[in-house]
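One structure coming up, written as structure tokens, with questions to follow.
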């Protein structure tokens, strides 16, 4: 950590600061310049409260030079983490996980039909929303408990492991047969939820917040890991920018960058990021080529009414076509 | 609501759409143009799932022309809402609420000293953090239960009503003597928490999310109101932008705009927004002049060590000076 | 175009509006709802000044339903535009253009060495900066005229067509032997420059502004096209967001989206977007898979001092490795 | 400047770096830590090309600790700059400049009427657009030369100094009777234009770019100042964010922050920032209270047709009402 002092700093305050730093067994090194005095701190600076330090009258600015995340940090864990599900499905170090399914679980017929279709096309995990975070309290909130039951039922029918979103740690008992628990973008910094998930034994699919930096995403992973659960899959799902042509802006550079920063697997969600089914296949392939360890894709199919054949969901046919391309692209992917 | 159809739409699909719309007792009006066909929907369109509608093959785009928030909407409640605390302190319709206190509760001495200082300067609510949402699991998480106890103790000593943040609805019982419950920016879309707060009888200070639109803020208020609790104070606390000179960008235009959109009181938090104490007074005054119904200001005082005299916190002396200015500016404030 | 009227609109003003609209041979269709009155305008609404319309007391909001760009619009030009350079090099409709070279032209040796290296690796256009837009007036502004001379000299030596940036239309005569004229992100809305380029007969590489929407990018292309020059190559080079881990955020979804919106070729610039050479190869491949018609890549080589072997520039060796991958990925690219 | 080296840096490269730094008469100070080695550079580091330095294989990151702007830097010019126009009107150090007038000059009648109205209300500079930067080439581009002529004519009639935008330095001769030359947000980094304006003897109103940081704004001012013209008025006019409720987000904290960073006067443009006339008065007052040295406000008046009574323009009556408030608020303004 580097501390830049104000030009006209008070000697007495500097002494207080220096002794406070030394109390933490951190060694300050001074660089006295014509216009600036710089303190280089050597040692474990992770316990320093940067905000508190920045609060000092004599401090002009603070430059952190080491990452605040430890367990998620590749520097300390050079090897890619591989996460294995109960049925042996793996993700990480070359193992690709393709999660596909409907945005919301609507009925057993719907879910079974889609599950069988995506399995046939090569998906190895079924996704389906039971608890739905909706901006409006008046919008459909998902089938909740009943949806989870259906999901487990279809898991048993098809043999596909399942991933679904949790919104409240009180619901954890309901998730005992779920294979991967998803934390949505809006809950990425719901720290109480993260801590509880850190104490459960299930892989967590942690989605990046709409306006979260990659460092913040890793700090949220750190919340889970620091409680003991180190099986985390990171998910880039688009960030909020000024551009309105897409729902969000899929930050594909997050994939190779996260692979540099951390050993955890990284997947992308092109469906929610773009909000346009016409963009999902190309963005899915772009993510794969950039080194993504997997995908989470919305697939919908409702023969009874023709009211869901677009937006961010692919039809089973479109997903099947995409799956074929994924297998080709995987062969030439980066890394 | 206005639906723009794709140029080459399928007649059969349009018929299905039209009947689906009519099933909801909504009347579609057609405008057939050379290049476009437009449907104007008249009636209560709030139950329409816009995402689902946008999913239609034949739909090019949807333009909502009425707000999705109802209980928070000024159109249906022209009168400003006035919220009164147990001790008679009011906010709204010209009643100004100044909430001041430390970011974190550290000790009884610290809290009492600051509480008495800010009360003397004219603050009418004491703020203090017991449960602290921190980006890092390794950072101080607040005194939690013990902090709440201290806060209530100091409330009784000073007679100041108190506001503090909740992070988990499981903690609600601990908040029974708290006057205003704060929802932090990171939890603005923690819908499970919002629903529980909607069933309690305490005023809620709802902070705008870092990348939330004003409409999303009002939809979160709607979550609370739809459960019965209509005593909500909205708080603009800075949004995340590309600018790094300030921690966040305080969107002061949100104050007059929210006053147009809703009848709920609006306050600003210049301390967290700017992250710089040198900017807090000017931004506080700017908010007041723009019509804010109140402020939430960080005040810190630590005589034992000189380690907290800057950053986003004011000293009691600086707060006293600011309070004097606030009273002057109030007289010439907009509205 | 759809006009939503305020609830309590003034009849006399509506009559004035209606007649004003009809004067422009546009037919207004009315939808009278319980809470809203909507006007659907049919006809050529491109001449309507939306700002002026929005200025009306009685207008609540305006929803444009057709694109403001005409010559760039794929709706009116379904076929991909193919641009051919003097030496026959093509871009568009499956023709890939790989532009590579140094950020700044430094010397004949440097430029020739890089040019020959990238040509050998398969680049078909040489890029090199002569006029450099720099944030600081104290930073190196490029070799300017002398740099252009060197570029042309090396063009003749290697036979590679060249692309370089223009900052001032007064310099146009200097560009007579340049094959593609680049407009930098900062000049995307320098409309006087665009108009002059619209009157020259050279292909234009138009870079997206740091905070420009895709529609604004196409409107800038429209400025050039409306003056007669329709040979424009669009370039996604990263947008400014809150994320600081990369210099900018490369919006790869812009590639397939622009292909839907326009018939013009689209390339990406992963070097400037990411600012990190370690991310350039994966982002380049991601762009190709997403359907990009080409790339512009920074390649640097400075044997005399080892002071430029990182950041956003690749070494010739790294570029050669990337070129091999590009050829593989091209085969499985989307579209 | 602080350079953080990669953990496993190459000794030979470090030696090359060290000697390269010393060649520039800069003294490197080393801090060897367990996990990091840090170089503190002391001396005039302004000539160091940070990008080039960041390009080094052995460099992990660079932290600049001194500002890159010199002539605009308050550190080196503690006194507020006061700019005086030919007729004695001043801005800076307590002198308030209120610029008001129409967005576009439409006719002599219109301009004279507005000019006389705003003068009567207390505006001391007339604004009016002759050359209009428009996103669309098909939109009205302003009256250009004829507009400038009218502006000068009305200047003589009313005695009000005038400010108007330049889009092309070729037009400079036309501006000889203009009192303040405006650089629009889109041209803030049109460096060729800035350099030419640096060689003219007129005050420049420099608008912040839509996505420009305050540092970039000051670097653009530096471009002008480094050529000799130090009479620059900075203008905050709203930045581009994710929020769409306002056209842009007016960053009022930029006012006190710029006053800390620079000695140049700072004004705000609430009309363009918000795009809503209903927000202009409150934002204008907020800017004044925050310490703005002036305002630029759009005032429109068109009795012949009622087609411009809203959007971002105030009527003369609304402006007159605002002027009265400004005088009250000035008395209690911050600073």
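The letters A, B, C and D name the chains in turn, as written, and every chain counts its residues from 1.
Going forward, contacts are C-beta pairs under 8 Å (C-beta built on N, C-alpha and C of every residue); 3 or more make two chains touch, one makes a residue touch a chain.
Keep in mind it's a predicted model, so treat the numbers as computed, not measured.
For the pair chain A and chain D, chains touching both partners: B, C.
With chains reduced to the mean position of their C-alpha atoms, the one farthest from chain C is B. Look at where the CA atoms of chain A average out and do the same for chain B: the two points lie 26 Å apart.
Chain geometry summary: the mean Cα position of chain B and that of chain C are 39 Å apart. Centre-to-centre separation between chain A and chain C, using Cα means, comes to 31 Å. Among the residues of chain C, those in touch with two or more other chains are 211, 240-242, 244.
Chain contacts in this assembly form a complete graph, since each chain touches every other chain.
Residues 2, 4, 29, 31-36, 38, 40-43, 60-61, 63, 65-66, 75, 211, 240-242, 244 of chain B touch chain C in their complex. The part of chain B that touches chain D in the complex is made up of residues 211, 213-215, 239, 241-246, 249-257, 260, 273-274, 276, 278-279, 281-283, 285-291, 325, 328-329, 332, 334-335. Within the complex, the chain C residues that touch chain D are 13, 16-17, 20, 46-47, 49, 51-52, 54-57, 59, 68, 133-140, 167-168, 170, 186-187, 189-192, 195, 210-211, 216, 219, 222-223, 226-227, 240, 300, 305-313.
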